[in-house]
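Notes for the one structure printed next.
Order of writing sets the chain letters: A, B and C. Residues in each chain are counted from 1.
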Amino acid sequence: MADAVRGFAIIAGAWVRSALSYRTSFAIGTGVQFVITFLDFAAIIIMFSHIDAFGGFSIAQIALLYAMSGFALGAADMLVGNSESLGRRIRDGSFDQMLVRPVPALAQVAADRFAIRRIGRIAQSGGVLIWAVWAAPIDWSVARVVVLVGAMACGSVIFCAVFVMGGAFQVFAGDAAEVSNAFTYGGNTLTQYPLTIYPNELVKGVTFIVPLAFVNWYPGLYVLGMDDPFGLPGWLRFASPVAALAFVAVAAAFWRTAVRHYRSTGS
Amino acid sequence: MSAIIEVDDLRRTFVVRRRRSRMRRERHEVHAVDGVSFDIGTGEAVGYIGPNGAGKSTTVKMLTGILVPTSGRLRVAGLDPSARRTELARHIGVVFGQRTGLWWDLPLRDSYELLGRIYRVPRRTYEANLERFVDLLDLGPLLDQPVRQLSLGQRMRGDIVAALLHDPRILYLDEPTIGLDVVSKAKLRQFLRELNGERGTTILLTTHDLVDIEQVCRRVMVIDHGRLVFDGGFDELHRLGDARRTVVVDLAAPADPLTVPGATVSRVDGSRQWLTLPAGATAAPVVAALGARDDLIDLSIQEPAIEDVITALYTR
Amino acid sequence: MGPTSTDRALGAAGLYSALAVRGFRRYATYRAATAAGAFTNSVFGVIIAYTYIALWEARPDLGGYGVAQALTFAWIGQALLAPVGMFGGFIIDDLTERVRSGAAAIDLHRPVSLLGLRLAEDLGRAAYHLLARGLPPTVVGAVLFDLAWPNRVGTWVVAMLAVWLAVVVGFGLRYLLGLLAYWIIDVQGPAWALVVLQLFFSGMMLPLVVFPDWLRLVADLLPFRCLVQIPVDVFLSEDTGTAVAPLIGVQLLWVGVLLGAGAALTRVAVRKVVVQGG
């Protein structure tokens, strides 16, 4: 594990230094990320020019959900988003090159071509979060702060797991890589809105199968001091760390299986 | 001399699914490596040759930990490559002929810095190695160029330095001289000779080019259809294989078959004649004898193709 | 007697059809990738559908749409994503790659217009994407939700025309962007800017009918509405009573402007190549 973190830091660091040395390019790239990711919130703003509540939530409350989800996706995209390149690396032989180095494979796949410009999404979500926290009527307490920060961390871990599984999937179905977009960016879009607008099956799906609801919905309900509209047990609001850990274990197992499969078939 | 690489009945089977027709799919097994055994001692320089698809790359992939063997026992520097890949990685350097281990968009120097830190090379060792190898391989003026701007030969030299910065005990080279010009090939071969001689780095060189082997290695292993068909000295290979080098001679006018000591005429076609001599023998006296003739227009020397060597091995 | 104008026309028709077929075949090889794309489109379609249901339940008749119209918008939007090249790529990547490899100079010396060649190929690609990535999400949407389909055959026919005009507008935009590579080599920044503009002003983020007046005005002056909003409005024209002719007219106008600009810029590129020697 220490090997992985160290290797990741060294390789990613080189790419960050390289990106920062081209200041204008970095600024434009980050700016573009900021604008693109803001489009979703611009749509929400326009929606609220016609309504006062969406799914029973005010714009500030939705902004909180939006920001928590966006932050988590942004952080995960920056850290392990490059695992989506695994299929291409296998095809062009650079994955073999990685297997010959004394750093765990995932760390290398994630760190190579590390894109610091993805911080644009994180910054944009951060901005919306600050506004949401100011504008929404939140009854602050230490517990609520802990849950909010904890959820942002756990949410990032959950999305990281989704990215890693998407990468691992490419060992088996390289050309169908885009499927993972449905879960990463799709998952982000889905959780931007209160889950009250979705049918029960979908809510159960993002609670028990792909635990995206733990990125922002359940902890968000607690921070906003709202009851669960679906009447699910209250302890779910604090279950983000458990969900994240369980899901990461699944992702790690899937990744290991995928690498083992590659090393056994050499496709 | 202890064995740094121990290979015992190594096997690697692939399942290939091919579509026979729209409906049926055929499944058959390919035995890429079919029971290969050998030991390589510390400091040896070994050539590993065979026709395309013989199993060379597959063997090397198993030795480096990329591929897991189907069965058999494999120990490199005392470690099982597939189980302890990252640990073994510190002790080996790999140069893939077809693809680079360097970072495409970064300057060469940055790639080396990065590798130095990844492999935890002590600063002084790193700088000493870098200076020495860059000097030996003439990379000085190229250090600040992005790798994508280098020519094939320059990139190959860059890759070799990259593989050696951390003082690996074993260096694997997979087709390193493909696409290089004659001068670069010669320089590369000399470099490898010195590396093996002075630093005692164990070298396993996979190649199609027999001259690579002749110039660098003292031992040759020949693999064909997944099986080791020869493991011994270079001279022995040619003696056993009875492969021959060919000198193609262009004369001013058609002539009777030439008589040249050490060579036999195998073919005559107008003013061109083909003389053959044993592959292990030097062509110098033959060339000298031909050069003394005043009707000589041109001559060239062709080396035996690996396929011919292997065929010759089978028919002995 | 040399080749008549009819001969030339037939010859050109043959060339362009062959190119279209080639474009179709080229992208048809990416079967798994296309299936994955259709899956992703369907997932997004579902998410967006529920969002619109919630919005239209809160404000019925918003922008003149009912829920069924809004849902139809969502699903047709997803179906058109790939054919109109909403996320860039295709010709942009092709042109920048050819500039990078130096082959671009050859393109401009051919006796046939580069624009024409590339348009033909893109039409073939769009045909494949309409079938392979457009149809599946549409079917999913129609099965899962109640959509508002045209009743009259005439409307279907005009709607298909609007779809193809959308494809050409999309090509026009991407072609201009790809041509920029002849001057600025790395078009990543402008390409992303185009994607942002396309996403927002085509109606993909929210139907333009929902936009506040001033933003709607801006959107109406831009070509991006041709990509999704206009084709959907043609599909919905029966039920919402919108006159169709002006919509097609706007598309034709932008086709003219963009392809005209493309042709002009191509000529400038030719002169540049001739002067600089590639």
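Simple rule for what comes next: a contact is a pair of C-beta atoms (placed from the backbone, for glycine too) under 8 Å apart; a residue touches a chain by one contact, two chains touch by 3 or more.
What you see is a predicted model, and the numbers here were worked out from it, not measured in a lab.
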Next item on the list: Have a look at A-C versus A-B and report the one with more C-beta pairs in contact.
Entry: A-C
Note to self: So, comparing C-alpha centroids, which chain is the farthest one from chain C?
What the structure shows: B
Checklist line | Chain whose Cα centroid lies nearest the overall Cα centroid | finding: A
Next item on the list: With chain centres taken as the means of their Cα atoms, state the distance from chain B to chain C in Å.
Entry: 52
Note to self: As a quick test, compute the distance in whole Å between the mean CA positions of chain A and chain B.
What the structure shows: 46
Margin query: Can you compute the centre-to-centre distance for chain A and chain C, using the mean CA position of each chain? Integer Å is fine.
Written below: 30
Check: Which residues of chain A touch chain B in their complex?
Finding: 3, 7, 10-11, 14, 18, 92-94, 96-97, 99-104, 112, 260, 263-266
Check: Touching chain A in the complex: which residues of chain B?
Finding: 14-15, 58, 61, 64-68, 82, 85-87, 89-90, 92, 94, 96, 98-101, 103, 105-106, 110, 113-114, 117-119
Margin query: With touch defined as at the start, can you tell me which chain C residues reach chain A in the complex?
Written below: 30-33, 35-37, 39-40, 43-44, 46-48, 50-51, 53-55, 58-59, 62, 188-189, 192-193, 195-196, 199-200, 205-206, 210-212, 215
Next item on the list: Show which residues of chain A lie in contact with chain C when the two form their complex.
Entry: 28-29, 32, 35-36, 39-40, 42-43, 46-47, 49-51, 53-55, 173-179, 181-182, 186, 189-190, 193, 196-199, 202
